[in-house]
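Letters A, B, C, D, E and F mark the chains in the order given here, with residues in each chain numbered from 1 onward.
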Amino acid sequence: MTTPAVKLTVIVERLLKPAVERLLTEAGVSGWSVFPGGGMGAHGLHRAEAAQLVREFAIVKIEAVVHDRAAAERIAETLTTDHLADQSGIVWLSPVEVWRAGKF
Amino acid sequence: MDLFLDFLAAFGRQLQSPTLSFLLGGMAIAALGTRLEIPDAIYRFIVVVLMLRIGLGAGIAIREADLSDILLPALAASVLGVGIVLIGRLTLAPLSGPRPEDGIATAGVFGAVSASTLAAAMVLMEEDGLRFEAWAPALYPFMDIPALLTAIVLAQLARARSAPVAATAGTAPGFAPVPARGATRPRIGPIIADSLRGAALSALALGLVLGMIARPDPVFHSFYDPLFRGFLSILMVIMGMEAWARLAELRRVAHVYAVYGVTAPLVHGGLGFGLGWLAHLATGFSPGGVVLLAVMAASSSDISGPPTLRAAIPSANPAAYIGASTSIGTPVALLSIPLWIALADVVFAL
Amino acid sequence: MDLFLDFLAAFGRQLQSPTLSFLLGGMAIAALGTRLEIPDAIYRFIVVVLMLRIGLGAGIAIREADLSDILLPALAASVLGVGIVLIGRLTLAPLSGPRPEDGIATAGVFGAVSASTLAAAMVLMEEDGLRFEAWAPALYPFMDIPALLTAIVLAQLARARSAPVAATAGTAPGFAPVPARGATRPRIGPIIADSLRGAALSALALGLVLGMIARPDPVFHSFYDPLFRGFLSILMVIMGMEAWARLAELRRVAHVYAVYGVTAPLVHGGLGFGLGWLAHLATGFSPGGVVLLAVMAASSSDISGPPTLRAAIPSANPAAYIGASTSIGTPVALLSIPLWIALADVVFAL
Amino acid sequence: MDLFLDFLAAFGRQLQSPTLSFLLGGMAIAALGTRLEIPDAIYRFIVVVLMLRIGLGAGIAIREADLSDILLPALAASVLGVGIVLIGRLTLAPLSGPRPEDGIATAGVFGAVSASTLAAAMVLMEEDGLRFEAWAPALYPFMDIPALLTAIVLAQLARARSAPVAATAGTAPGFAPVPARGATRPRIGPIIADSLRGAALSALALGLVLGMIARPDPVFHSFYDPLFRGFLSILMVIMGMEAWARLAELRRVAHVYAVYGVTAPLVHGGLGFGLGWLAHLATGFSPGGVVLLAVMAASSSDISGPPTLRAAIPSANPAAYIGASTSIGTPVALLSIPLWIALADVVFAL
Amino acid sequence: MTTPAVKLTVIVERLLKPAVERLLTEAGVSGWSVFPGGGMGAHGLHRAEAAQLVREFAIVKIEAVVHDRAAAERIAETLTTDHLADQSGIVWLSPVEVWRAGKF
Amino acid sequence: MTTPAVKLTVIVERLLKPAVERLLTEAGVSGWSVFPGGGMGAHGLHRAEAAQLVREFAIVKIEAVVHDRAAAERIAETLTTDHLADQSGIVWLSPVEVWRAGKF
């Protein structure tokens, strides 16, 4: 009934969101979701809902469920090498099982 | 001597401005550990309303203005924007550690303009009865954009020099399609466009155009103008809290940024005042306009400059330029507004 | 001929309304790729304040109104709501592709009323000094709900006919407990209730009742009325940006929706003006009231209609009705407001 | 007898206040299942503006006030805060089930003060022309903090008694560094500091200080004061909707909380009125000030008290104290405002 | 110390949130969480924080950790068949380990 | 290319957020993300975006990707025993694979 797939999760500053979305589109990913948030990391604190002077530095989480693990890996590879080299952000992969496999 | 005493008295009087007290109050409650948070949605709305208000006001005024009056001040603004960054390149950048980009980006932020500081100056001058050409706030982008451009170009030159073979593929992230390879010439057009697309400048430009062509005077007088002072007071609280919160970040970068953050606004404001004064002599630029030019020069960009620089100079450390600007530069620039007003009181014998 | 020139002159004057300029400005900055975003929380607050303002104003007026004056215009509004959807059923639906539901839902959205267009008309008429019965905006639900109901009933009939055995279990999602099987009669009560529970109509109804029984005149005059025009200008920017953003979506549906989006507001507005004029002749419905009725007819629901239809006609493609309404119908309806005002100037020799 | 009729007439007149009608309207639309939601960002902004307004107004007034006039009312406020919680300890807590903490925390919430109720009383008295010392709203923390402190101390005593060996490590969660072991003395300082750091009290204190030292009169009169009544009407809608939503929760706790929620505001308000009347006799505390003191006593904390209690008395069940306060206590307190005004009309023969 | 369980994630338009919550309640699920967001998919772009004319078409993510995998599957089955047939939305399952197993 | 790790997810009322963050910091976790939301559970309904009188009772999700499973377990253990004993909140662990392992 369900099909195995992987979920690629990217947490970056909003500034990089267009770049991540471009990568996903170019890789032919059929869809993704975006959740605004906050966080703490090597580059300090990003508050989640309080006024942030520079909106482009707010944290967003981008989640894309994809069928093809290799494609997800390629996207993550490009991201970490090209875009996150000296920028905030982390990337991870996790296993999922999906319904309506045709959608992915 | 008398002049100096007059100046001190005027300065002291100005410092008690309620607008600035909201800034200090924001810092104080942040220092005391308040759990008060102004929601981000409110902050963003306030910025839009303030920028629309500034744009509409200026646009309405430009309808009646003699365009030739604007030319010289606009030129002065651009010269200041470029000049401030060049000064930073020669003073801050060499002192700021191994990577000149950090210093250059910081100089870019200080050359650019802070919308909140500009708005505060408008309210303080209104409280003081000091008049300025209503189009003067529209000088904003004439200083802001040249400063950011200069910083980006200088950063590219610095990188080209330091790594002539520039093999790194530090591609430009995000929206600004700036090529990262050191050897390539930076493309000016896309950077200007990107800069104008930021939320603050978009709103300013929208207001400016509507003010010039759409006769929005009723809604200006019934909504934008009355909310201006009140929203500014909330914005001051936010800026104060943010200044305090970012101090920690500043501690992680070189000491010289703090020194620059304190002195640069005063030096730049003085230069702005001087150039404005020349424009006053040449074409009768008003004393209030001179003060506004000084304030723009003294201010450092807190909302719109940083993302443009982050996209175009990815190798510069944002902790440096944001810390120096938000934690020190902006409070110092805000608190220096009374200085320029008092100076105008004395210089122009108001 | 003279009349026509008068009309053209009046129309031209009206088109320069600052309210509409904010709409066009919003489109322009969206087209230029602005990163400006009005936060959703602000948008929702603006809608609540506008609807409360409209409701309170109408409620306060109804206290003094002769209820019998309202009857005929309310009837006209309902006739328009039903009639517009029937016209769409006969013209748009057959042309719009294999599934008639898409066309029917679109006709439902165009029969329903846009709160923002209504608010804009109120401000434009105030700017023009054209007076209307203060209860006239309360005609909104009398047109809105019958239109949505008619569309839902027609969609069910269409499905019953096209699939008499209706074996699909396309159960109604969400809140509207409408049975999906073609053969069942649609239940009117729950749909009306669901429609009234939407944010915009709830706020309108709350304002209406409070205005009628609670004497909220002080807060109306000190808060709701002064904010009305300013919040509307922000809403116009949002609608403009949204119209531009949805154009892409519209390109994915049949061409005929774009044609309908342009022509329907003009035809419907004309019908509204005509019926309003009859009410003017019969019971002295004011010229301003006639214009409001025309505007409601011309407008298409952008906030509250779509979710009701989505829940009740799940098989209709939202890209069709939302694209046609938000991207084309609402801008055209907004820009047609000056037309009805100019028409009233001429017809009623104001 | 005549006096009683006068009182009834005054009470009836007051009950039609538009401010209260927004509360009832909010309850009504929630009961009817509206999908209207006021965004959280707007709610939080409204609270900040209201509290800044109250603080600024009081601060401006304190500049001119004779501080000795304030002493007695402030003492009365503190006595009320402590006294109300002690009464609750002796009446509610023994009846409220096995765990006395639930009752004690509820008494703490009812001893504390509701910002929205206070604001509503200010508007109602303004509508009625009943004047009060402009610094009177600043009595808020003098009642609020002692009440919360008393509840926390009583809860610790109760736990120490019930579990003298108190081995459980129910460590204090969150920000309030209160030791959980029954035997330890509660530390008063951190609790007061934590309480003052809450969003509502921070904003009140900020306004108070700025009002006292910064002369913010222009922005007070152009922004904070005009928005006060309008924002309050929106807040009333929110409180009404919330009261309805929390009723379900209340059903899950003991019956006695509902009884307490109805009677306590009336008893406490009566005590407040009485103490205020004594202050009136002693130092000429104004009739309006007496009403405000009664309202503060009648009100129960809905924004800032609960988190302080939750952190400091983690074993108390929030459903009990929040349900009793939000669903019943606050509406009853709001609807009792006209009672105290009518009482003042009669007692002070206004 | 930990107990294996599954997390059912549903991303739908807000319009369908009541239906999903009804399904969860009927299935006896003890709790769930809801996160507002945005996304891109077959039905185009849903912005996350910007003004959206029709609030009911905004994206929400609903996450329910459940003990009983079969129950999660039944819910997902009903959802995809009955509610998401011609509506926006995706559903996936992922493995988790929980503390305080009694809560689920 | 990827390294296995675990993701610790904590859903609590905002009141407990500082306590969770203190625990994470003390455990030497290098970063975490925070997402505001809503939910339904044993303590009733928490709305996600609507006005909530008491902000401290709003729901937040805290996600921390950590390398060392034992550390994650210790944090979860302390949380459930000490802080969530009679408070709202749930905790779970899930498997992930990360890039740039040095960051965690």
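We take it that a contact is a pair of C-beta atoms (placed from the backbone, for glycine too) under 8 Å apart; a residue touches a chain by one contact, two chains touch by 3 or more.
As the structure is a prediction and not an experimental result, all values here were calculated from the model.
The chains in contact with chain D and with chain E alike are C, F. The minimal number of chain-to-chain contact steps leading from chain A to chain F is 1. Using mean Cα coordinates as chain centres, the one most removed from chain A is D.
One inter-chain figure worth recording: chain A and chain C are separated by 39 Å, centre to centre, where each centre is the mean of the chain's CA atoms.
Distance from the chain A centre to the chain E centre is 19 Å, each centre being the mean of its Cα atoms. Centre-to-centre, using mean CA coordinates, chain B is 43 Å away from chain C.
The mean-CA centres of chain A and chain B are about 33 angstrom from one another, to the nearest whole unit.
Shared interface positions of chain E, i.e. residues touching 2 or more other chains, are given as 35-36, 49, 94-95. Along chain D, residues 37-42, 44, 175, 199, 226-227 each make contact with two or more other chains. Within the complex formed with chain E, the residues of chain C that make contact are 37-40, 42-44, 169-171, 173-175, 199, 238-239, 242, 245, 248-249, 302-303, 306-307, 310-311, 314-315, 318-319, 322, 326.
Within the complex, the chain F residues that touch chain E are 9, 11, 35-42, 48-49, 59, 61, 73, 76-77, 79-80, 84, 90-95. Taken together, the chain B residues at the contact with chain C in this complex read 39-42, 44-45, 48-49, 175, 193, 196-199, 202-203, 205-206, 209-210, 213-219, 222-224, 226-227. On the side of chain F, the complex with chain A involves touching residues 1-2, 5, 7, 21, 30-36, 60, 65, 94-100, 103-104.
On the side of chain E, the complex with chain C involves touching residues 15-19, 43-45, 47, 49-58, 81-83, 85-87.
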